[in-house]
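What follows is a set of structures for review.
Shared chain: chain A. Partners: chain B in the first complex, chain C in the second.
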Partner chain A sequence: MKILGVSAHYHDSAAALVIDGVPVCAVQEERLSRRKGDASFPLSAIQWCLDHACLEPDALDAVVYYERPMLKFERILTCALRAFPHSWRAFPKAMQNSLGERVWVRGIISSHLGVPSSRILFTEHHQSHAAAAFLTAPTRRAAILTTDGVGEWATLAVGHGERKPDGNTEITLLREIRFPHSLGMLYSTFTAYLGFAVNEDEYKVMGLAGYGRPTMVDQVRRVIRRTPDGAFTLDLGYFEFHTTTERSYSDRFVELFGPPRNSYEPIDLETAEGQRFADCAASVQRVLEDTLVDIARTLHQETGLTDLCLGGGVALNGVANTRILAESGFERVFVPSAPGDAGCALGAALYADRIHFHNPDRDVPDHPFWGPPADGVELARLAREDGHRFEELDDSTLIEQTADDLAAGRVVGWMDGALELGPRALGHRSILAAPHAVAMRDRLNRDIKFREEFRPFAPAVSIEAADRYFELPPGGARLARFMSGVFPVRKEWRQRLAAVTHVDGTARVQVLEHDMAPRLHTLLEAYGRRSGIPVLLNTSFNLAGEPIVNRVVEGYTTFRRSGIDVLVAGQTRLTKRASPLANAKEEVTCSRSVERSSAR
Partner chain B sequence: MLKKRGAVQRKVIMLGSSFGSIAELAGGLWRSDSGKRWLVPLAVFLSVTGIVLAVAATVEALAPFVYSIF
Partner chain C sequence: MIFEMFRPVHRWIWCDAERRAHKLLRFGETETDGGRDLVRASETTPDSLLRRLYLEHAIDEHRHGVMFRRRGNEILRSLAPGSNSSFQADWLAPSGHGVDDLRVDEEPDEALLAFLHLSEKNAADRFSVYRDVLENDIPTRAIFEEILRDEVFHMNYTLTQLARVSPQRHGRTLWYERLRRIWKSYLRMAAALGAVMGGFILTVQYFVILPPFAWLAKRAERRESPGWAPVSPQPNRPLQRQY
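Right after this comes the complex of A and B.
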């Protein structure tokens, strides 16, 4: 049975193809369109998935959309009417947004793919999240907790899933919390208040939280109150996201927390104002963690299960995930590589396969690499055309040479095999560097990633060496498989791992098993033989504001435009030449950096 | 390979499938146990208006008549 899953229209659109119960491919639209967070209907992603599997749309047994658009429209309409007259300004815009395209998904799919309406199915948003979390995890029975901004009505759902011995699969969502009471919206509101982009920069709030102290927890708890049944409710007097599209928080919110940050002003942590923003981030982070831990603990007591699958955008919060693992009672916590809406394309397809069509359970490969492959031959061609110096090496020489580059302090763009699904670079589209010196972190932030100086970088470590450098609790290595947890760096190694150790002594570590990314694993070992520490700084291969690179040509242009020293794709290794043009580009980069530095 | 269809053809297909979607919305509201039946006329009106506008915006020949419709 061939099932295409589609997610679109809100954050991060994607397509995924499941054939005979096993994912074959999946890709986010942004990686193909090159527009970060592209939410448009994922035609390019669908096209690539079908081409990859050599399928015509007619051959699809079902196309599954990841949520019910009409139920969502009902929620938007109901909320707009409930909030009348405050919502009178937002109402036309909301209707225009919804009725322009978003509710006519059946027609859109039918018109683009030519499949009859009867083959177009819909799952509920949190069912898709639950399926993406549970059906891709190597577990037979698990509790499920999904949390995000909002789906149709639900913002949080709890339940459990089971793969039965007879091959049947069950996913049961027991309870849900409904819009506008939402942990995701709470966090997004603080994201907006702190001057970051909503639905995109929430991870910056988490990074900023490390610099602050949770001194405003009491104020945050006035905004979100716990209810006797273990849930929570937002005091809507502090919010406006449910009545207007212009602002997430109200004047009362500003009275409580102080003036919001101007997004054009850099955060200076040396000033009282900068510290207030960091404290604010730390406070909302603390309350989010406490709430999630409580809900997870109750779920553990209720289900008695040892495994928990987390889904929804909030599951990208690695600090919260780590506390859930440590304090909720679950022994293992599984977070997929794409817990947000992009992963819902895969979740919806798997849900339809297992639950709607009652197909027998199949093990899903435990890796995130479902996208287009990187072609080293293409890099050789590009380099040859531009007169760059490149080498085509056998695998072991290439890895030894790359380890030499890293040990010499060079920054390496690393493209290997299929593209990751999800926001993390997990070893196939990564920028790699030595993790030892703060200067390396600053260089990456300033010259390569062009991003805020407070943002940390993540390390990658082989599973064999992970425990030596990081304090991983039981189950920690699993959580760190897709960089879903944040763990303390052992004190004795913090100085030697300064580029990847956050200000609070933690790191969002990726613990790598050989089977998942063999070449990167071998590279880690080769680097360990040189430096004595088999740990590398691993950050996503993109520049600020751009999606992670997909094709080799994108890696190549990123390499040309930034301070990356070496580019590796497949068997091809490319180094920067000292040409007048390259110098000119580098000079531009340097002068920009100087401007930024002086601005700071 | 996805077949490339013209904008008009795609909108006609959308229009054709919209009745089912609107019926699904109305049915959902009607069956809702939270007393939302009164919303059905408004929801249907908005949906029909939305799809008519979406189609009219695509089919240029209809543009002169849009003001007449409303």
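Right after this comes the complex of A and C.
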């Protein structure tokens, strides 16, 4: 059975293809369209998935959309009505937005793909999150907790799933918290207040929190109150996201926390104002963690299960995930590589396969590499045409050479195999560097990523060596498989891992098993033989404001525009020559004189 | 040049330091965005010389973005806190590639080069006016001066390359691109007007039709208890339904 999953129209659209119960491929639209967080209907992603599997659309048994658009529209309309008359300015925009293509999803899918509308299915948003979390995890029974900004109505849901011995699958969501009461919206509101981009820069709030003290927890608790049944409500007097599209926090919020940060102004932690922002981030982070830990603990007591699957965009908050693992009572916590809405494309397809069509349970490969491949031959062609020095090496020579490069302090762009699904580079589209010196961190921030400096870089370490450098609790290595947790760097190593250790002594480490990314694993070992520490700095292969690179040519232009010293794709290794930039201008001058002489 | 005629207006727009800072910051964003489009162009073109040129052009635009942002921030920092001039006059003094929208993937090189040539020409015209009216802010003026030199290079290489890739028809392509720009600005205006009219009609409906429903919705909301809500007990609500 061939099932296409689609997520779109909110943030980060994606498509995923499941054939006979197993994912075959999945990719986010932004990686193909090259527009960060692209939320448009993912035509390119769908096209790539179908091409990859050599399928025509009419061969699809079902196309599953990741939420119920009419239910979402109902929520938008109801919220406008509830906020009457304050919603008068937001109402026309909301209607124009929703009544565009967002509501007519069935029509859009059938017109683009020519699939009969009877084959188009809709899951609920949090069912998709739950399926993406549970059905991709190597567990047979687990509790499920999904949290995000909002889907249709739900913003948080709890339940459990079971893959039964007879091949049947069950996913049961027990209860939910509904919009506008939302942990995701709370965090996004603080993201906006702190001058960062909503739906994109939430990780910066988490990074900034490391520099602050939670001195404003009491104020945050006035904004989000716990209810007697263990849930929470937002005091809507502090928010405007439910009434306007312009601003998510209200004047009362500003009275409580002080003036918001101007996004253009850099945060200076030496000043009282900068410290206030850091404290504010630390406070909302603390409240978010406390609330999640509490809800997870209750869920653990209620279900008696040992495994927990986390889904929804909030599950990208590694600090909170680590506390859930440590304090809720669950022994193992699973977070997929794409817990956000992009992963819902895969979740929706798997949900339809197991629950709607009752297809027998299958193991889903435990890796994030579902996208287009990187083609080293293509890199060789580009390098040849542009007159760059390149080599095509056999695997072991290439890895040894790359380890030499890294040990010599060079920054390496690393492209290997299929692209990751989700926001993190997990070894196939990474920028790698030596993790030891603060100077390396600063160089990466300044010359390569062009971004704020308070965000820590992540390390990658082989699973064999992980415990030596990082304090991993039981279950920690699993959480770190897709960089979903934040763990202390052992004190004795902090100085030698300065480029990847956050100000609070932690790191968002990726613990790598050989089978998941064999070449990177071998590289880690080769680097360890040279430096004595088999740890590398691993950050996503992109520049600030751009999606992670997909094709080799995108890696190549990123390499050319930044301070990356070496680019590796497949078997090809490319290095920078002295001043490549002068050449194109010279060429134009040449071609001009050629033109002139030929005109004569 | 129509743009030249508004020199006194531009002098007024640029005289306020805070407005100037915000303009520079916004210009910074536009230049960076323009740079990304050019990166995309370099990634999609089959012509290897164009790939190199687009990429170099992209690097220039990125640098312009950095320069504008840095200067904007410098000016902001030098201002007394709390000052606030909200009127930005963006439509009067647009940035380099301001109102241009570009679907790089869909354009053949010929059309893209014509598009870029005209954009760069516009940008150069605007920036030279901005430079001239900034006689009291020497550092900002120097930035425009430096950027202008690049824009002239961009303007020239796009024309030369257009003549190379389309030796027979480049004049026609340029005219076609000029007409397309006019058509596109008409479409933009029409869409904006449509949105305003649509917004107006929806606002009228909001106040005329919605009040009784709003009353009902508020009443229903008051009955809702805060906290957990049960998830409907039909786990297999048919997936054919959109609601």
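Simple rule for what comes next: the second predicted complex is superposed on the first by the 579 of 600 C-alpha atoms of A that agree within 3 Å, B and C clash if a C-alpha of one lies under 4 Å from a C-alpha of the other, contacts with A are read in each partner's own complex, and residues count from 1 in each chain.
Please note the rule applied: contacts are C-beta pairs under 8 Å (C-beta built on N, C-alpha and C of every residue); 3 or more make two chains touch, one makes a residue touch a chain.
Please read all numbers here as calculations on a predicted model, not as lab measurements.
When both complexes are overlaid on chain A, chain B and chain C end up sitting side by side without clashing.
Contact with neither chain B nor chain C is seen for A:Q301 once the two complexes are overlaid on the shared chain. Of the two partner chains placed by the overlay, only chain C lies in contact with A:G159; chain B stays clear of it. For chain A, the partner that touches more of its residues is C, with chain B and chain C as the two candidates. Once the two complexes are overlaid on the shared chain, A:T78 sits against chain B and chain C alike. Once chain A of one complex is fitted onto chain A of the other, the partner contacts of A:H112 are limited to chain B, with no touch recorded for chain C. Shared-chain residue A:T233: touches chain C; no touch with chain B.
In the superposed pair of complexes, A:T271 makes contact with neither chain B nor chain C. In the superposition on chain A, A:E176 makes contact with chain C only, not with chain B. Contacts of A:L121 after superposition on the shared chain: chain C is touched, whereas chain B is not.
In the superposition on chain A, contact is made by A:W88 with chain C only, not with chain B. Angle at chain A between chain B and chain C, computed from CA centres in the superposed arrangement: 60 degrees, to the nearest 10. Once both complexes are placed on a shared chain A, the shortest Cα to Cα gap between chain B and chain C comes to 6 Å. Shared interface residues of chain A, touching chain B in one complex and chain C in the other, are 69-71, 74, 78, 81, 95, 106. Partner chain A is touched in their complex by these residues of chain C: 25, 32, 36, 39-40, 42-43, 48-49, 51-53, 55-56, 58-59, 62, 66, 69, 72-73, 76-77, 105, 153, 157, 160-161, 163-164, 195, 198-200, 202-203, 206-207, 210-211, 213-214, 216-218, 221, 226-231, 235-237, 239-243.
Residues 43, 46-47, 50-51, 56-57, 69-71, 73-74, 77-78, 81, 95, 98-101, 103-104, 106-108, 110-114, 117 of chain A are the ones that touch chain B when the two sit in their complex. Across the interface of their complex, chain A is touched by residues 1-3, 5, 9-11, 13-18, 20-21, 24-25, 28-29, 36, 39, 42-43, 46-47, 49-51, 53-54 of chain B.
Taken together, the chain A residues at the contact with chain C in this complex read 33-34, 64, 68-71, 74, 78, 80-82, 84-85, 88, 91-93, 95-96, 105-106, 118, 120-124, 154, 157, 159, 170-178, 181, 227-233, 262, 264-266, 352, 355-356, 382, 385-386, 450, 545-546, 551, 553-554, 557, 560-561, 581, 583-585, 587-588, 591-592, 595.
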